[in-house]
Amino acid sequence: METTLREMTLAYREIRGHTEKLVSNLNTEDFMVQAATHVSPTKWHLAHTTWFFEKFILEAYQSGYRHFNNEFNYLFNSYYETVGEPYPQSQRGAITRPTVAETLSYRKYVDEQLLDLLEKVEGKDAEKINQLVEIGLHHEQQHQELILMDVKYNFSFNPLYPAFQERKDQPSSEAPELHFHDIEGGLVEVGHDGNGFAFDNEGPRHKTYLERYRLANRPVTNGEFLEFMNDNGYQTSHYWLSDGWQKVNEEKWSHPQYWVKQDGEWYIFTLAGLKKLDLHAPVVHVSFYEADAYARWAGKRLPTEQEWEYAMEDQEIEGNFMENGSYHPNAYYDGGMFDKAFGETWEWTQSPYVPYPRNKPLDGSLGEYNAKFMANQMVLKGGSCVTPRSHTRLTYRNFFYPDMKWQFSGFRLADNG
Amino acid sequence: METTLREMTLAYREIRGHTEKLVSNLNTEDFMVQAATHVSPTKWHLAHTTWFFEKFILEAYQSGYRHFNNEFNYLFNSYYETVGEPYPQSQRGAITRPTVAETLSYRKYVDEQLLDLLEKVEGKDAEKINQLVEIGLHHEQQHQELILMDVKYNFSFNPLYPAFQERKDQPSSEAPELHFHDIEGGLVEVGHDGNGFAFDNEGPRHKTYLERYRLANRPVTNGEFLEFMNDNGYQTSHYWLSDGWQKVNEEKWSHPQYWVKQDGEWYIFTLAGLKKLDLHAPVVHVSFYEADAYARWAGKRLPTEQEWEYAMEDQEIEGNFMENGSYHPNAYYDGGMFDKAFGETWEWTQSPYVPYPRNKPLDGSLGEYNAKFMANQMVLKGGSCVTPRSHTRLTYRNFFYPDMKWQFSGFRLADNG
Amino acid sequence: METTLREMTLAYREIRGHTEKLVSNLNTEDFMVQAATHVSPTKWHLAHTTWFFEKFILEAYQSGYRHFNNEFNYLFNSYYETVGEPYPQSQRGAITRPTVAETLSYRKYVDEQLLDLLEKVEGKDAEKINQLVEIGLHHEQQHQELILMDVKYNFSFNPLYPAFQERKDQPSSEAPELHFHDIEGGLVEVGHDGNGFAFDNEGPRHKTYLERYRLANRPVTNGEFLEFMNDNGYQTSHYWLSDGWQKVNEEKWSHPQYWVKQDGEWYIFTLAGLKKLDLHAPVVHVSFYEADAYARWAGKRLPTEQEWEYAMEDQEIEGNFMENGSYHPNAYYDGGMFDKAFGETWEWTQSPYVPYPRNKPLDGSLGEYNAKFMANQMVLKGGSCVTPRSHTRLTYRNFFYPDMKWQFSGFRLADNG
Amino acid sequence: METTLREMTLAYREIRGHTEKLVSNLNTEDFMVQAATHVSPTKWHLAHTTWFFEKFILEAYQSGYRHFNNEFNYLFNSYYETVGEPYPQSQRGAITRPTVAETLSYRKYVDEQLLDLLEKVEGKDAEKINQLVEIGLHHEQQHQELILMDVKYNFSFNPLYPAFQERKDQPSSEAPELHFHDIEGGLVEVGHDGNGFAFDNEGPRHKTYLERYRLANRPVTNGEFLEFMNDNGYQTSHYWLSDGWQKVNEEKWSHPQYWVKQDGEWYIFTLAGLKKLDLHAPVVHVSFYEADAYARWAGKRLPTEQEWEYAMEDQEIEGNFMENGSYHPNAYYDGGMFDKAFGETWEWTQSPYVPYPRNKPLDGSLGEYNAKFMANQMVLKGGSCVTPRSHTRLTYRNFFYPDMKWQFSGFRLADNG
């Protein structure tokens, strides 16, 4: 076991506790809202992450385990078809009960049971349980990010522009001039090597051949994206993929999500309310289609996930993460080779989300975790200002549909060497 | 003035207070849910009825009136296009703020202002204000009914079958045998004569010619409706209007809304949770299409609104209303000529909702209250177990689209004399 | 028998022949198109009217009748659920076979069989067959009108503006000044009295009470409708029924169907191609919602169907009908009391299409002809420039959904006396 | 110039002529049908391929060129946004004019102009024109395949099961036992090297690294696919990608497209009408989702496009192609290493359709030909029984959305070595 049970117990307390800290300044009302099918109420996130531990660990390993409420298996299953039909995603906002208080009791109940199990388990089950708890905690962290994404989305429907928190001061500087670093390429290796935790979609580590390429020193900024907009970027078909152009027209896209123009000035809705747009900060809340169209307009392209991963191999995983508490990208640049490689904003790549060579999903129902989504989605790398620092990795493969914009997603340009 | 300002003040306190009493056993979570576009969150009902008094009375008559919050004019306008674009109905459930507590403060603020105005007003404004408050209170009562309808609808999406209240004991008896009373008809009068309050859609009183007809002594019961179901009523096209048959197939209708079959027994979801279906109680939560199809199956028809109104002229307005607190139709029959004419269940008629001859909507924005809905809807008469007793009248014209089922709607058969 | 079998034979030859004459200048390609679900390909009309005679007469009365093709019973059934599941309406344009030539052979085959039956039938069947043929011929005439409506609709999708025919010269004059005739009203009679042919929805003749009212001397003209448009009629919510306002916004209505603005001038697409709009001709191709909104703008209202019928009792059924061959309303006014009462354009009424008192649909499957459509549609009276003259009557009740515009529908104003 | 102008003239005559031969046994009616948005009427294919030569060659290079009809530029543009707004794809079936005869005249007119141009061109334009005609002819061949696919689709809506042609005898044998060939992999090259014609999406030739893998000797057969069906393949969620499972449920998939069960036997609708399913022939008309689900059920996977291309490098391009005239996969196996590598059926790969490294789309509007579709689609390799033999290549990258089934698409299994 790479992490002992004791360490896992500490991690469990810390990460589960952080989720509750995260939502501690929400009103009861805020826990309930689901403004669109693809987001979930905060209450649901609290319950679903708990269900995960109950379903995949307590049911199997805690002898004589009694469910907090038998119906929760149906209510809080997200998409695991193999453990029973899930409650319809579009109606998560209609679940009035359990109340928020009852949901917190449910968390407490499962936490006690889980910690009890961790304390007493030994022998052959110990390793398996340790692995499952580790997955459960990474799952919990994903939902920490989702809670922040979804609260932002839900709040954005309110013309009162409610603030989730007060604005924290952020470090700031001018964005350094854009330039590109040459990378030799060749037959390289990417993917997770199995040492330490990784999701099943990150491995195995494998060879891949890269042509020589160049990668930008930093992500595209709000100011740069504004130039694209002012140059009729959203009105010019030939910058766009066909499916993207259809979205532009159907949904009348004309700017990144959450941008608001008031009296000739651009603002952006943040978790601290409506704020003036910082032209030096990385652009976020753009879809893959918008990132790709911008790149075409700029005469560049997006990197592949392999190009991104190989280039960033030596970058430290530090930057503006969830723990920072600002929940918004800042305009501080440290002048490193690849500024903001991690944290700040997820970066779209041009790589569809498909299995790596010889990839093998987890056995059983947890095989549904990642594998079944390997169609029609695109890979993003790096991590954002709402991602827990310990949750991301060089090999992490985040994925979203190419028209989605509510996640903290920006991009970095590449071209051929 | 038919009601003095003093009486109006009392009515205001009583009716506004009743709304708050009605929702007093809801959890904060319950106030937030909107499970479909055609229902609204309870919080929204509380705010919208308050906005009504603010918009149509305080803004116009309270000198120097300061709004509680300027954005509420947009947020809580339902459908009055002439006073500014309303917030989209489908997103009422996404409004996290104001909170429930703030909404109650908003109510308190407007109540104080309104009562202050009622106390000090005199001269020519008094009569106008009195009329507007009267409309506002009837509007409030409509939303009391809507709150109960919508809470039931929203709760029904929860597999835990939460109960809004404990079940109250209800009087009960066997449904008397169905028979039909002959009514002579001729050149009769219907509609409101202008004495006392009525909505603008109820008048003027006017002549109409009725052929001889017969009207049933009581509404159709659950037991009778079950016979229709068991006789393949939902599978036989020729009982159905074409638009209804399309709904049956598209939405896979096979029983009234809220009916649930468990282990071969029929139950119904009520505001007191899931209960065994009482075969002697009137059927409710059927659409016009279902009522019409049943009538065709039974070799009968629905009455017109004029036939219903003329026949019920001498019936007293008493029965199972909201004040009764059961919020569910009971199986008690008093053996009167037209059992359950008022209260218990709204009764579908075969009359489309169109203006009466020489009908004139209210002036100004309140003309939007009723008139603009006079297309594609059907008239219901009588009042239901969630209708305030003082809110209904012989001439009251309720209206819903013919495919709607979440209201407490049943029907009574008629035929030609 | 009101019409002898010999007369019926002549009528059969004449009306069936007219259908074929009507389509004689279409190309094979033109027969195939179905540009939207609510219209049908001409080929389908030719086959369906033939199926009607086969299904309801030959199958029942021609002994040893052999079908031309057994599959046609499925392919060419429109909506008679009681004689088998109909082929989906939306896919009528996908039926490549039978070809047009085979369809004409099908017509010829059925015509020969039917004429043979008419020649030899005697005894008790004769009257029944006579009635059924009469219905079949009125059905054929309805489809003559539909063919012209649908060809116009289908052709309108072609930017080449193809012409179904050359433009015929039309008589023309200035529209007389609008004025209103007083009508006393009282307890009057409307509906068909059973003498001569009528559809089952027109009777029985019955008493109805009319308040005093006034009816316009002529329909509203294109020029008048243009004033409504120029006065922001399509942009002003309070002229519109709520459901109509939704359509205006969803489908971006800003003028009657087929109107085209080129270089600042209004044109209208007609069956003779694109023509300059004649401001004195009656407006056509407006929906009920548009007619109703115009009336509200003008401070008037639409008449009820009873008001219309009673007022027109003494008008002769003459005017611009299908036989005239212009297939477009003209601007000729004869200065009569109610100019253009019949022919020219169907006139929307404010009456929903519901059964008359004591109305009884036909027995059997033909009971589906009219009765099952009695929901959500509005009655139109009079007949249009594409209606066969012998097909319309004072008591005729045409009906369309309130948002439909492809029929030749205009309106005449009324108000209270 | 790789092909001289003389050779190009011959190729032009031959390929354009073949298109007309292909449709020579269609009735005029058959040319008109568009049963769904993603298919086109045959008439439109005839006109659009002609427009392609007119737009991209004659307009630019034939001096004083006069258009056959100026409106055709709008009517017959498929999706080239940069040369003007295209006519809506969903309404191609509504274009009654030009007629089929006029469309053939349009073809003749453009053919004469084009051949005239080919005869007289010289100097620097010659090479460019030669290249454009070559693309135009490959484009024409793609539409030959589309005509056959679309006629089949359109005919399938007719319960009469019309036949496009008589059934040709097909060679037949038992499918050889399934086995897998080991392939070493390593750093290999794929993609087009620029010698001879290729689409812009096929190059440049580039290195890619393949792990050792195994590829099946032949495609999956109808009989094998039936086993998947009989083993509840369509009812078992864990074989399916999430997006695929949604399609299965929404569209109620339970078998490949065109399969029909009659009296307990499986038939398939072919261009020769309804035929008994040959269990030894390759399965066709399955979507990517179905191919992928089958592979998971079988414990295998689909190959990547690189694996497929590398393995097939030495296979001859021969087999059952369009020229064979059977338009349906046969059950003849020659016992080669990779039976049916080309022809018979396109084979789904697990590779999303994305640009190759350093890929560069064509300049100008023809850059829209392929590049803008590089999102959400999957690559297929090989060619089918309706693909012209000279049109396909080892490096050819066909692409369809993963839910599409109307193309002749099957699959071949792979696994890890």
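Each chain carries a letter (A, B, C and D) given by its place in the written order, and its residues are counted from 1.
Please note the rule applied: contacts are C-beta pairs under 8 Å (C-beta built on N, C-alpha and C of every residue); 3 or more make two chains touch, one makes a residue touch a chain.
The UniProt protein names, listed by chain, are A, B, C, D = Ergothioneine biosynthesis protein EgtB.
All values reported here derive from a predicted model rather than from experimental measurement.
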item	value
Other chains in touch with both chain C and chain D	none
Partner chains that chain A and chain B have in common	none
Whole-Å gap separating chain B and chain D, where each centre is the average of the chain's CA atoms	59
Approximate Å spacing (C-alpha centroids) for the pair chain A, chain D	38
Residues within chain D bordering two or more other chains	none
Contacting residues of chain B [partner chain A, same complex]	27-35, 43, 69, 71, 74-75, 87, 91, 93-100, 154-155, 157-160, 162
Interface residues, chain D side, partner chain A - complex	79, 81-82, 187, 206-209, 211, 237-238, 240-245, 288-289, 350-352, 354-355, 357-358, 367-368, 372-376, 402, 416
